[in-house]
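Structure provided below as structure tokens; questions to follow.
Naming follows writing order (A, B, C, D and E), and every chain is counted from residue 1.
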């Protein structure tokens, strides 16, 4: 099978002006992926499906990933010549930078006809709040239908062009997107006999407030863990 | 069922029997017939939720054969069922349907929470869509821990339930739930809310106890 | 049909022909089947629009067993997710374990000793026997048998579960595979037990087939029902026996040749009609091939360590990166997609559930059939809700 | 001919009906409450804590409250509170012990990971499964006292595994003793050497603690 | 008239003697009424008991076929199981859905049970043991039997449930489809017997061929075909597997029973078994020689024992079929009735006519008569059967 770089080059020749880049995967699996821009994504997908040397006729897996915005501290080292004439000093400058968050949809493509794969496509949203659309690939691969609905349901990615974009796993009146990293689960930690970590913090809210007269909680009651 | 008053009947002590004799021989006989019939003919609802359902099916299969207890009649319609075996994780999306099924069953009805998930949410209890125990909405008679419990454990639970039914009285505090005026007979079905079920628990049925840790240093 | 003019969203010719509305037809009846219904194999729900008994529209509703496996896995360690994979497809915990182990091994580059690979193949094929036998039983239950085929299937299942239990300690939730090997080394007695099971399984299948395969009622109920075209099946991501029943030769054991499958001699049965009967028969024939694999694997299993000595149990932290690992589960391609950020917990953990994706074509198969057919079509897809909803 | 398949099917069911009276292959029921199932050695249900001495279960817990199992437990059903003091363990070494050790069996998924990660062979899997109860809270939250079971019990349910564990522990203990002996010998030797040193030089430092 | 025969006769006449003991002292005009009430009571009691143990037998046989014992803990060998079920059913809450038609919802099980009990009136349980001697007994039987399906429809309609409604529709389709082959299959019997009276039909089957082969209708080619069609249609009429479509569990939850609880459900269950018993009893009467012994030297056993034995055998056959077969689809069910059973039953009429016309043939012609009649049964069965199963069959599979 062609390498992702070769596929990118071929795609760029076929779709001039398209944004396509290769995202390297440092894991031993070395399954590198192609990051596509929004505009011709559906056409590119169709090309990948029908191209005789690739024939990626099966879209195996579709999933979302949430990348919340995070603070990145970049350390740049620069050599500053010592004005006193001594050896040049190495000065570290730390630049704090907010990397904007985005949501990502990942497609794993295989070829049943030729028996190769995977070719991995990635589509990214602009941010996590108002620009959360990516084009849907369901018109190309029917396999994406339910899985894209799931991405919409759990991550809140709006897949434009999907024929039936509704919640699939949660109920329709549900408002949150639970697979996002910043989702706050409803508070039902009334009975947590073995809490630790986050659960302990949540369970503590339900511990009986010791009466003012007795500032020390009786031993019989839940003793919050130190 | 026997005429000999000294014959021990499982679940009924001599003292309780004497108490009932005072209430009247007819009532006692009816009560014994009633508890005997109910305990030997517990028809479960053909209702599986998750992994434990497979073990529930296995319990009705040849090796374990729940039919020996007269309980192989898995009725698909709640109207004819006596026992709701909550066999598996109850998700928040599923909880209203489980409560509705419970409401649709005719009294007297019993509920077994089979497996960790049905009791408390089990290994999935930290999930956002998982109900932490079906007893937040409906009263549970027998809890069978395990993940999943062996089919024998379910049979053991069923035997425990039969014992419990045999211990019922027609009047007084040992009466079955539907004969007692102080217990609710109506279990409102929770609604789907924007973030969680509303209400998150039925306060008539469930109240979290205060945890007692007998700390001994 | 060439790939170019194939549009997956257009109704397939022949798969359903919607009758023109005529005044003699009465009103359509909308029936909600499930989540509590005897034939939905759990808490699946279908909203079926019926014209008389004929299915005009069928919308599946999921999520009644959505227990947040992926979210929980992102908050626990890599090892801690292993017992949760047992509970995905709770009939085939061994193959789920294997798929997850393969994905993590791809992510971390962990090698697996040879004996462990053989043990994995043996357990996966026994799991395939288990799953397909149970499926045949459930399918016949949906056809209206009063439990007899299901009982025979579960009689054999108990024998397999006894093997699983004596090896891993649990009947269903084996939690047996580890990254870089398996948890326990099977003893010689255990392997003898597996050999005995393998040798007797063919006889059970013969009797099972005498009861069912030639039965005229079953043929009438299943042949020509729920036919699926290979083009739609490929495009809709259908995998496993359901795909092969349409005639597409695609078996990951041959294509990816993961584990040590390339060393065994076995064939891949292919259907021609893609209907319920084909799906049932492909599974029966696959079981016979599995018996062949088992016999070869049990005869040639090498001695050696069962765990890679460098494999880590606690404090397992793969380097940042991602991997998608997949195997041919009994229900189809089961894959795990893992993204690591170098911490002990996966950053993103995703299960590619075969039966969930296979359900994509449920409506296409059911349209124009009767409600009784819809039930057995759903049965022949072989869903387990733990995996569909996760 | 139409109907032959049906007749063959009737034949199979008839064979099973007759077989159920004489063939154990075709009558597989175990009369459970009277006949207990034969559990394989590997069977696991819920964890228990191993104690060395059945007479003093709380005093001889192998557990040293290291809290590894609490952290590794996937469903987080273990709760441990360390003791503030130290008590001698079975080998007489001063150890921290669990002041509170609770396992919520209404959550436990019997995955055995606590057993695998325990470096002290202190927690093992039990085989009791007849635990259906009417009380969700107290009966299912197992405390230290309910969890502690003697080593002899462990020997009886998992004989092979227990023998291996005991062998390993004995070897460890022996090694530790030898090490201690060697250390003591070294100490003694050092002390002797120090004593044998010229008297003019006063002993500067006490021998290093072993 | 030897002593043995006399002894037989006393056993044989035991029911009548018992009845006379009870009612003999009554004045003549009252005697008839009390006799009838007594007959009703005896029939209800014995068939009630039969129903109870039939359910147990079904559960135990199903168990044995499935390699397990079945109910065995309630009383010895589970013998009290049906009574436990009965007690429980009586004490269950009775639920009527809010949108249901209350009157019809109540009437349906009552009507169903009433109609099924009515059919017992004309069954000859033994020599001179019939509750009502009707000249058109067979007609009465099938008229009352057909009304049961109406009650099923009532139940489905009144329940205000979509599944029940579908079941009601199925029940009607099934009724219309299977009433015809059921009726056509016994017309030959009437042609041969020349009477619609059940007693008369049984009497016509008395006597022995070659001194030991009973002259039952089932032992003739047309009779065998008629019996097979009758039993198939009877399976469908009594909603038994593989024709249990109205209560198809895997499709329609419990069909018309979905909304019935407690004792009403038990009534339905009872009526189903009563209907089954009645149809089996009618099959025995029409084709299996009624209460007659199968071999001459067995005639000392009372006639009602023979009737019961034959009926139980047929009932066990019903259970055996239920253990084995899956269910048909509704269109296949109707197609099977219209395209297979009805033509065969019609051809069987011709066969019977031939049989009746050639009753004078003897010697070699007798053999020819048998051969022609067998051919008239087998060849249409093969031809129509092949047409019915066209396109179905075992397949061969290729391997990659």
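Rule of thumb we're sticking to: a residue touches a chain if its C-beta (ideal position, glycine included) is under 8 Å from a C-beta of that chain, and two chains touch if they have at least 3 such contacts.
Since the structure is predicted, the reported quantities are computational estimates derived from the model, not experimental observations.
A.B. asks: Check every other chain and keep only those touching both chain A and chain E; list them.
C.D. replies: B, C, D
A.B. asks: Considering only chains that satisfy the touch condition with chain A, which of them also satisfy it with chain B?
C.D. replies: Where chain A and chain B share a partner, that partner set is C, D.
A.B. asks: Which one of the chains is farthest from chain C, going by Cα centres?
C.D. replies: It is E whose centre lies farthest from that of chain C.
A.B. asks: Whose Cα centre is nearest the centre of all Cα atoms in view?
C.D. replies: C
A.B. asks: Please identify the chain with the largest separation between its CA centroid and the CA centroid of chain A.
C.D. replies: Checked the centroid distances; the maximum from chain A is E.
A.B. asks: Provide the C-alpha centroid distance between chain A and chain D, rounded to the nearest whole angstrom.
C.D. replies: 41
A.B. asks: What's the distance between the Cα centroids of chain B and chain C, rounded to whole Å?
C.D. replies: 33
A.B. asks: Where the CA atoms of chain C average out and where those of chain E average out, how many Å apart are those spots?
C.D. replies: For chain C versus chain E, the centre distance works out to 44 Å.
A.B. asks: For chain A, give me the residues that contact two or more of the other chains.
C.D. replies: Within chain A, the residues that touch at least two other chains are 169-171, 178, 191, 193, 199, 223.
A.B. asks: Residues of chain B that touch two or more other chains: which are they?
C.D. replies: 46, 61-63, 65, 68, 76, 93, 120, 123-124, 126, 128-129, 133, 147, 150, 209, 213-215
A.B. asks: Indicate the residues of chain D shared as contacts by at least two other chains.
C.D. replies: 2-3, 6, 9, 12-13, 16, 27-29, 74, 76, 81, 102, 104, 107, 109-110, 137
A.B. asks: Provide the full list of chain pairs in touch.
C.D. replies: Result of the pairwise touch check is A-B, A-C, A-D, B-C, B-D, B-E, C-D, C-E, D-E.
A.B. asks: Mind pulling up the chain E residues that touch chain C in the complex?
C.D. replies: Residues 62, 65-68, 162-163, 165-166, 169-170, 241-242, 244, 248-251, 253, 322-332, 389, 391-395, 397-400 of chain E touch chain C in their complex.
A.B. asks: Please name which positions on chain D make contact with chain B in the complex.
C.D. replies: 27-33, 37, 45-46, 58, 74-76, 81, 83-85, 99-100, 102, 104-110, 129-137, 139-140, 143
A.B. asks: Contact residues on chain D for chain C in the complex?
C.D. replies: Contact set of chain D toward chain C: 2-6, 8-9, 11-13, 16, 28, 40-44, 68, 72-74, 109-113, 116-117, 125.
A.B. asks: Which residues of chain D touch chain E once you look at their complex with the stated criterion?
C.D. replies: These residues of chain D touch chain E: 1-3, 6, 9-10, 12-14, 16-17, 19-21, 26-29.
A.B. asks: Could you list, by residue number, the parts of chain B that touch chain E in their complex?
C.D. replies: Checking each residue of chain B against chain E gives 33-34, 36-41, 46, 61-63, 65, 67-70, 72, 75-77, 79-80, 82, 104, 106-108, 178.
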